[in-house]
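Contents: one structure, followed by commentary.
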Amino acid sequence: MSTERAQNRLAFWFLLPSALVLLGVVAYPFFFNVYISLTNWNMFHFRNPEIIGLTHYIRIFSESDFYRIFGKTIAWTAINLVFHFTLGLGAALLLNRKLPGRNLYRALLILPWAMPQYISALTWRGMFNAEYGAVNILLAKVGIGAVPWFTSEFWAFMAPVITNIWLGFPFIMVIALGGLQSIPRELYEAARIDGAGPVRQFFSITLPMLKPVLMPALVLGTIWTFNNLNVIWLVTDQGLPADKTHILVTYVYKAAFVYYRYGYAAAFSVFIFLVLVVIVRGYDRVAREEAY
Amino acid sequence: MVPAMKNLVHRNAVFNTILLLIMLGLVPGMVSCGRVDRSRSVTVWEQMDPKEQALFDIHVEQFRREHPEFAEFDIGRVHYRTEDLQTQFQTAALAFGGPNLVYGPADKIGPYSIMGLLMPVGELLPQAEIDRFRPETLPVLDGHVYGLPDHVGNHLTLVANMALVDSIPVDTDAWVPQLRRLTVDEDGDGRPDQYGLVFNLLEPFWLVPWLGGFGGWVMDDSSRPTLDTPAMVGALTFMSGLKESRVVPQECDYPLADTLFKEGRAAYIINGPWSWEGYREAGIDIRLASIPMVSATGLWPTPMTSAKCYSINRYLDPATRECTAALLEWLTGTEVQIDLAMGLGVQPGDKAAGLVEEIQNDPVQVASRVQIERGRLMPIVPEMRAVWDAMRPGYQSVMNGALSPEKAARDMQKMAVTMIERMRE
Amino acid sequence: MSGGRLAGKIWNHVWVHALVWLLVLFAVFPILQIVSISLRPGDQLYSTSLNIIPDGATLDAYRIMFTEKPFLLWMRNSLVVSLGTALIGVALASLGGFALSRSRFTGRGAALQGILMTQMFPATMLLLPLYLLMRKLHLVDTLGGVMVAYVATALPFCIWTMKGYYDTIPVALNEAALIDGCTPFQAFVRVTLPLSTPALVITALFSFMTGWSEFMVARVMLASKELMTLPLGLESLFTTYQTEWANYAAGSLLVCVPVVFLFLVLNRYLVSGLTLGSVKG
């Protein structure tokens, strides 16, 4: 009984520094934004904004295109996550075996993560150029026709998706590699003796044992991808074609930094925050049995 | 404990000690402060091109020699990209901090002054100083002058690769057929190996000259957008015509246009003064000319010209006022402006500098000046942001063939009006 | 019979290698493009030829980065910030994650959710108030201030990862140590921590990368030239339309080197620390 008390006291001290840092750095900015979301802070009311209540929130829904952009954001997030995890997990499984040169392969596969995002995004942008880009040239060599990457709304959406998949899968690979280490060999041995094939082993042993380590990456990956402004902005040059490739955050960015509508941008941000809270709660429901 | 684990623990002891040592070594690094003492330093935040930066540093050196009384001040510049500069300046000024002077294109001044971040020049320098400038180059809002230009430029010009071009036509009726002749597909793969013309097909900045050439402009004298006009339709039709006759590449953004011209695969490029030196260095024999006159209207295209100005941060440290004033005067002084004009191919804003002989006679200056004279100053009011943003999608859609010029013009106007309303809420 | 099994094994090997090669190609091809840019004279971002080694290739960009630009200064600053973030991150997350994994106190669920929620707000809007706050604390224009922000950014993922990993370590091991006479803290340090090296590796790498490649916060917080980190330094190569592409590409490639090096060092620790046998021990 006293051990439990001692454990709890230890827990408190263990958590305290983290709590301080997080609260300090994030709490104030968050409440600041909630406050200004209720004011008319913009270029014309820069020094003395006044409270105007929930006007901005109502505007979010009435300003055109909201539902399309929302849908795009969901699609963007979902597609990215699926491929990040498939490729990342796949790579980890392949490189967990005793392969000659596997450390070299691992180091090469980590390059997309190591490379500064800005130039990678711009390079991909160049590769997607309809006439001169490497992607279309390679497609032509393989026999598939050239894709109108930036002139079609659909393909202009796919271009940053592909880029982001490239940027993100190494991260999942590293986490999966770490997670795979915690699975004891004996479990696989036992399964093989029982007659289970590799697919069965994967679904009964590997995946469940990886879950606790992969869950943070999945949940946080959802949040990060949802809010990822940079890649879309850079690859489509601020929303090609004709401003059609936007997700929710790029909208916020424009409102704040192009139009100086800070109050509105803050309200939009709070809205995005609430959406994410709901989504993560959804994850929680699904992963009920192991989270706590 | 299990023996196997004892080994792990021992290994970790070594690891942990090394870690501890590294941490201790880092502590001095962590607390290193580069904090600048604001009362002893005069900073300029800028978004200059590399050449401008180099010239700036030289001019500051000269200032220090001429003004030993300010020796105790630390004068320097911090470089940002244009969009960044704006965000950073606003953030810093909001906290009553920031640089002494902020340098950038005049259209940024509109928003800054509305937000109350700038000190009118008249509060720091005598009126005589301000009168030194050509009035049309001064950014004025609400009757106050908010910046002093060190040059006027930023104008798109026609740049020809003389290895591919015999003579530069004066109007579009002669020019367009020439472009067609200059677009060559040597290996017959359906993709031209040489284009007649390249330019940025994405940014409406390249649309504006033609808009003027067809008799229109982006806004009227009351800063209301005028995008749904026959002139706009004419300009868009002309430009998409260029695309349809395939004298320009399918998807052409700025870096691609730049690359194609540098590789000698384009006869003409429409680009601004910041780029000309790069083309010379790449070995292209370039000549500058005005963008050809629109035959249909008899008007010259009007590229937007912009003054680049130094503006004063309202919240500069009072101890630095004198030094800031002197520095501002120096950096926009006649001598410096001549230097910049010759070095960058731009026009001085200072009246006296414009009359100097070298400026009058240098061929690059002459070509450049002619184009600037045919151009038009960019409006500096904040509504301009909405106008740019409204023009961009329409322009891109027409160049893609997705929208008709008439519909695009209507959409642009509607969007501009809506965005301006929203900005003013 | 054995011939069939051998053929099966070779087939397996071929498949595995083929897949790995495909992935590597996917990962590395754009990097090769960046190498081209760095070697190409004339600051051209795009090129019409697909050659990896361009005509007139030159190592000038690399030379310029080291001699004309304060690249080493940028690297020093970034190393200080990133290593600092990594160390603090690992320290705080290993402790915090353990607390959230082992103990059951009221508000534990809320704490877990709360930590997650700090990540959900779009970063662009947090910058301005963060700047104001840091100014009040006199942490503006210091490397320490930037580090604090980075630790806060990296912590949620790190805490959750450590917690998840700790959850897979049987409590029995801890209890064995307690029975042996260790205090709870000693049990933590001597038993749990060494077994979590893979998670510590992930945490360290992630925290390092948070500091290494971050731009926006550094941009807002740091104004002095002497404190520029690598992302800021590379940004300074941009101007409105003209960019020193070759230098930028060279700089970016150089920026990768310490990360890959760090990964290779830590890769050794991505090793299995726990086998079933030890529990039966």
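For clarity, chains are labelled A, B and C in written order, and residue numbers in each chain start from 1.
Just so it is clear, a residue touches a chain if its C-beta (ideal position, glycine included) is under 8 Å from a C-beta of that chain, and two chains touch if they have at least 3 such contacts.
Everything quoted here is computed from the prediction, not taken from an experiment.
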{"item": "Of A-B and A-C, whichever chain pair has more C-beta contact pairs", "value": "A-C"}
{"item": "Centroid comparison with chain C (C-alpha atoms), farthest chain", "value": "B"}
{"item": "Between chain B and chain C, centroid-to-centroid distance (C-alpha), Å", "value": "35"}
{"item": "Averaged-CA centre spacing for the pair chain B and chain A, given as whole angstrom", "value": "34"}
{"item": "Chain A and chain C, separation of their C-alpha mean positions in angstrom", "value": "15"}
{"item": "Sequence positions of chain B contacting 2 or more other chains", "value": "255-256"}
{"item": "Residue numbers of chain C (touch at least two other chains)", "value": "45-48, 127-128, 132, 273"}
{"item": "Where chain A touches two or more other chains at once, by residue number", "value": "126, 129, 132, 257"}
{"item": "Residue ranges of chain A touching chain B (in the complex, touch as defined)", "value": "40, 42-44, 46-47, 63, 126, 129-132, 149-151, 237, 240-244, 254, 257-261, 264"}
{"item": "Residues of chain C that touch chain B when the two form their complex", "value": "42-48, 76, 80, 83-84, 87, 127-128, 131-132, 135, 140-144, 147, 176-177, 180, 190-191, 193-195, 219-220, 222-227, 235-236, 238-242, 244, 273, 278, 281"}
{"item": "Sites on chain B touched by chain C in the complex", "value": "1-2, 4-5, 8-9, 11-12, 19, 22-23, 26, 29-36, 47-50, 76, 78-79, 81-82, 84, 88, 91-92, 94-95, 97, 254-256, 258-260, 262-263, 265, 272, 274-275, 278, 281-282"}
{"item": "Interface residues, chain C side, partner chain A - complex", "value": "16-17, 19-20, 23-24, 26-31, 33-34, 37, 45-48, 50, 92-93, 95-96, 98-100, 102-103, 105, 108-109, 111-113, 115-130, 132-133, 148-149, 151-152, 155-157, 159-161, 163-165, 167-169, 178, 183-185, 188, 198-199, 201-202, 205-206, 209, 213, 215, 230-231, 234, 248-249, 252-253, 255-256, 259-260, 263-264, 267, 270-277"}
{"item": "Contact footprint of chain A on chain B as seen in their complex", "value": "83, 86-87, 111, 114-116, 191, 202, 249-251, 253, 255-256, 382, 385-386, 389, 392-394, 396-397, 400, 402, 419, 422-425"}
